[in-house]
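Look at the two complexes coming up: chain A is in both, with chain B in one and chain C in the other.
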Partner chain A sequence: MEKRTMYWAVFSGFILELFLPLIIANYWTLRIFMFANIFVIFAISSDILLGYAGLLSFGQALFFGGAGYVGALLNLHFGLPLILCIAIGCGVALILGLFIGYICLRLKGPYLGVVTLIFPVLFITILHLSPAYLGGDNGIAGFAQIAGGSMHAQFYIVLVVTLASLLITIKIALGNMGLILKAIREDEMGAEAVGINATKYKVFAFAYSAVFGGLAGTLYSLVMGSVAPTTLSPHYSIYPIIMIYLGGASSIIGATIGAYVITYLDLYLLAFPFMRIIIYAGIIIVVLRCFPDGLMGIFKNIGGYQKWLSLKSKV
Partner chain B sequence: MAILEIKGLRKNFGGLTAVRDLSFSVEKGKVLGIVGPNGSGKTTIFNLISGFLRADSGKVILYGEDITRLKPHEIVRKGMARTFQVVRIFRHLSVYENIKTAKLVKDKRTEALEKGIGELVSLVGLKGKENEEAVNLPVGDLKRLEIGRALATEARILLLDEPFSGLSHHEVDGIASLLIGLIKDGMTVILVEHVLRELKRLAEDIIVLDFGVKIAEGKFHDVINQQVVKEAYLGGATGAWSR
Partner chain C sequence: MDILVNGILLGLGYCLVGVGVSLILGVAKVFDLAYASYYTIAAYAVVTLIQYMGPAMPIGIIFLIAIGIAVGFSVVTHFFFILPVRKQGTTVMVMTIAIAMVIQELLIFKDGSEPIHLPSILKGTSVLFGVWTSNQKILVGGVTVAIMALLWLFFAKTKLGLAIRATADQPEAIQLSGGSIRNVCLASGMLAAVVAGIGGIALGPIYPPHPYAWLDLLIIAFAVIVLGGLGNIWGCLPAGLILGVSEVGFAIYVPMGGIIKRSVGLMIILLVLAFKPTGIMGVKGWEEEA
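On to the complex of A and B.
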């Protein structure tokens, strides 16, 4: 997708959502849109890691849940302002991302996936072992919420942060950085042979996904007003992967669409917790088998089909 | 004046010595051919020189600087680039993007970058195919693209690993013409090749390897007729293996 089309799609979506609170009176529907936007931040930053750099990480929940916990704890125990809580949460996620990125440098594919899976599981165990300070199985609550819990204000704050995240990520994805990451994904040895320091760029991809994953995580906990160990569970590592593959890997708009679809589906499937994982597994299998380029690939094919039709009609 | 010197290079893989105390040098603007039977260590030498493998002992000196311990991307920035026996192209990137990726390492200014890419695409004979995904190109074009990508790094020494393998006669002629043009412009080339007809056209000097040992070195015609070289290729009691 061209840069101009991408920006056009993003700004159209933004303008549409600006008027959403005026059109939709239902509190819950608006709230779903807000959470979908938070997951957009999570999915697009993970797309830089998975779609562009080709690094499969099952540890994204560590950045999401970890930063969420840091932001919540800082406000609850030290009374820090929320903006500072978010910044420090992202900073902690950055340090974790650099650490994991560095120690997993030599790993690829499923090996990388398995090793990264360990980190959030390790942190969940720590949470369970120290209930007094970290809230144990029940998590923590009672810290300040963004905009004092005002639904409309929260909606607009999240919307603006999502727009900023999208613009930054598109800038990176469609720029030289995105091209270099794709080259590393295609052939790391070939990339080194043309002078690319693959190590540096792979660590960058981890760090980027960590910072914005952390941003999504802190927004999530500070909007919810509570945070629980479930935010560090493998579910939250798998969500961005499903969102990316459903929408189309290495396509920021695809990841955005995937995030909206899965957030909605997830809420409708809340009543059927065991069915959820089966349905998600089914989605991944069908998408990877039949539509490897995801929903964006289908849209492109429709475009190609229309072009073919117009050619036929001219003949 | 030698711009690349290899001094006593040695590489072991477990109990197998792939390269044994190898020394040679290449002068500016010259073409050196490396030949030898399969498994004689030709590609291992390229991997050692370009930093993809670490030598157990010996030195690689480029423009008077020891680059033995440098990483591949650092060596490229010093002015030496390589191609691979099995092309390592970014398959789902276009021809333009493949060249741009390599060009970005040295030049990030948009105007110069665009101009440079256009010139390189024409030079390697891929004009009109800029937007084609590399995965859709025939093997001859892939070889051209890989050479173009190496040139995009602004390298002054090219290490070409079997640039003619798997090509039709027509494609071989095309690549050979491209290389002759580059050599005329002063490019220094080290060429690993089995196609002796083309090697004869391109390389003045060759070295012959057998089981990681240099068994002959000198002018193409002098070396290729030596008994030890024939035995290394065709087998015999006096080959390097038996010594």
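On to the complex of A and C.
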């Protein structure tokens, strides 16, 4: 997709959502939009890692939940201001991302996925070491919420942060960096032969997804006002993967659409907790088998057919 | 002695978990993340069959049917979901983890998310080298040793074993000489599922299976195969033993070790990856080939 179309799509979506609270008075609908925006941050940051760099990590929940925990704990025990909590949460996620990236990049392809799957489990074990201080199984609550829990203020703060991260991610994905990451994904040896330090860029992709995953995680926990070990469960690692594959890998807009669709599905499937995961898994399997390019691929195809039908292209 | 006996018995159990993944990985060069689910499926099948058939059916036939069900799941997974996309490692992993989650939800739907109780095959305890252990654990150790021996025989003596070894070494050569990689991959998947079925039945009474158990099993399996060396099933035996002994030692000597002993596997993976990425008996440069 062209850069201009992408920016247009992002800005029109932003302006639409700017007026959303005036149209929708329903508290829950707004809240779902807010969570969808948080998941947009999470999904696009993972798209840089999975879609562009082609590194499959099943450990994104570590950044999401880990940063959420760090932010919440700092506020609860030390009373730090929230903006500082978010910054430190992202910093911790960055360190974790660099660390894991450095260790795991010795592994190729699928092995990376399984090793990263393990890290969130380790973090959950750490939480159990001190149930009184770290919450254990019950998670922690009682820390300050963003904007004191006011719905509209939270909505706008999250919206602005989402816009900023979308713009930064698009800039990176369509710039030099995205091109280099794609080159490494397609042919690592070839990329290295042209003088690209593949390891450096792969670690960058890890760190990038870690920072923005951490941003999403801190926002999530500080908006919710509580954080539980479920945010570290493999389901939260798999959410961004579903979103990316549903929307179409290595297209930031696709991941955004995927995040909205999945968050909405989540709302409607809340009544059937048992069906939820089966439906998600079904979506993944069908999309991977039948539409490897996801929703964006389908859109692109529609455009192709129209052109073909009206013969507007040079014949 | 305490640590050694318990650790070795535990390690043999771990080896049983790791060997199947190593088998699929070595031959088909794919990661079947749904593999650990076959253990839980076999255990659940046994419980369900005992519940409905009860004493009318001999326990041996129940075990056979349970193993058959695990093999059936494996064949369906491999045939419909893994083989068509065998070349794309990422797709296979996302797909199989989705399958594992579907199986998890189906098991929750069936029996709830609590662990189920599987009857022990051998009851009671006995003294082994001056240490009290349950008979079931000794049985698991024996089963593991027997399975490793049978696998060795299978690979050394039978034609299918030869075909599997050849596919693991040189897939193109197998195709050139008229063999079918698909069938060999399917066969190795079935073999691994048989191991998983036996393992699920033998380990079930010691570690009560629950719908989320696949993740723990997967981590154990991966620790075993990373330590033992990717693509070499014989490395699983020493790796499992090291893992088991160090885990038991950790639980006894380190303060709060009982809680962190689960992450011993992870620490071992990290150390191995940092210092000797090929593992104990790994083939160098194996993952580049894959």
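The rule is simple: the second predicted complex is superposed on the first by the 310 of 315 C-alpha atoms of A that agree within 3 Å, B and C clash if a C-alpha of one lies under 4 Å from a C-alpha of the other, contacts with A are read in each partner's own complex, and residues count from 1 in each chain.
The working rule: a contact is a pair of C-beta atoms (placed from the backbone, for glycine too) under 8 Å apart; a residue touches a chain by one contact, two chains touch by 3 or more.
Predicted, not measured: the structure shown is a model, and the values here were computed from it.
Undergrad: Aligned on chain A, chain B and chain C: do they clash or fit?
TA: Here the two partners, once superposed via chain A, fit next to each other without clashing.
Undergrad: Which partner does A:Leu267 contact after superposing on A: first (chain B), second (chain C), both, neither?
TA: After superposition on chain A, A:Leu267 lies in contact with neither partner.
Undergrad: Check the residue A:Ile118 against both partner chains and state whether it touches chain B (first), chain C (second), both, or neither.
TA: second
Undergrad: Based on the superposed arrangement, let me know which partner A:Leu76 touches: chain B (first), chain C (second), both, or neither?
TA: Neither chain B nor chain C is touched by A:Leu76.
Undergrad: Residues of chain A touched: more by chain B or chain C?
TA: C
Undergrad: Could you look at A:Leu167 and tell me whether it touches chain B, chain C, both or neither (first, second, both, neither)?
TA: So A:Leu167 meets neither chain B nor chain C here.
Undergrad: May I ask you to decide whether A:Leu20 touches chain B, chain C, both, or neither, giving the answer as first, second, both or neither?
TA: neither
Undergrad: On the A-aligned overlay, A:Asn176 touches which partner chain: chain B = first, chain C = second, or both, or neither?
TA: In the superposed model, A:Asn176 contacts chain B only, not chain C.
Undergrad: Could you tell me if A:Glu186 is touching chain B, chain C, both of them or neither one (first, second, both, neither)?
TA: Only chain B; A:Glu186 stays clear of chain C.
Undergrad: With both complexes superposed on chain A, which partner does A:Asn197 reach: first (chain B), second (chain C), both or neither?
TA: Once the two structures are laid over each other on A, A:Asn197 reaches chain B alone.
Undergrad: Considering only C-alpha atoms, give the closest distance between chain B and chain C in the superposition, rounded to the nearest Å.
TA: Least C-alpha distance after superposition: 9 Å.
Undergrad: Mind sorting out which residues of chain A both chain B and chain C touch, each in its own complex?
TA: Dual-contact residues (chain A): none.
Undergrad: State the interface residues of chain C toward chain A in the complex, per the touch definition above.
TA: Its residues touching chain A are 30-31, 33, 81, 84-85, 89-95, 97-99, 101-102, 104-106, 108-109, 215, 218-219, 222, 226, 230, 256, 259-260, 262-263, 265-266, 269-270, 273-274, 277, 287-288, 290.
Undergrad: Show me the residue ranges of chain B that touch chain A in the complex, using the header's touch definition.
TA: 50, 52, 71-73, 76-77, 81-84, 88-93, 97, 100-102, 104-106, 108, 149-150, 152-153
Undergrad: Under the touch definition given earlier, write down the residues of chain A that touch chain B in their complex.
TA: Residues in contact with chain B: 176, 179-180, 182-183, 186-187, 189-198.
Undergrad: Hey, which residues of chain A end up touching chain C in the complex?
TA: Against chain C, the touching part of chain A is residues 50, 54, 56, 58, 103-104, 106-111, 113-115, 117-119, 121-122, 125, 128-129, 234, 238, 241, 245, 274, 277-278, 280-282, 284-285, 288-289, 292.
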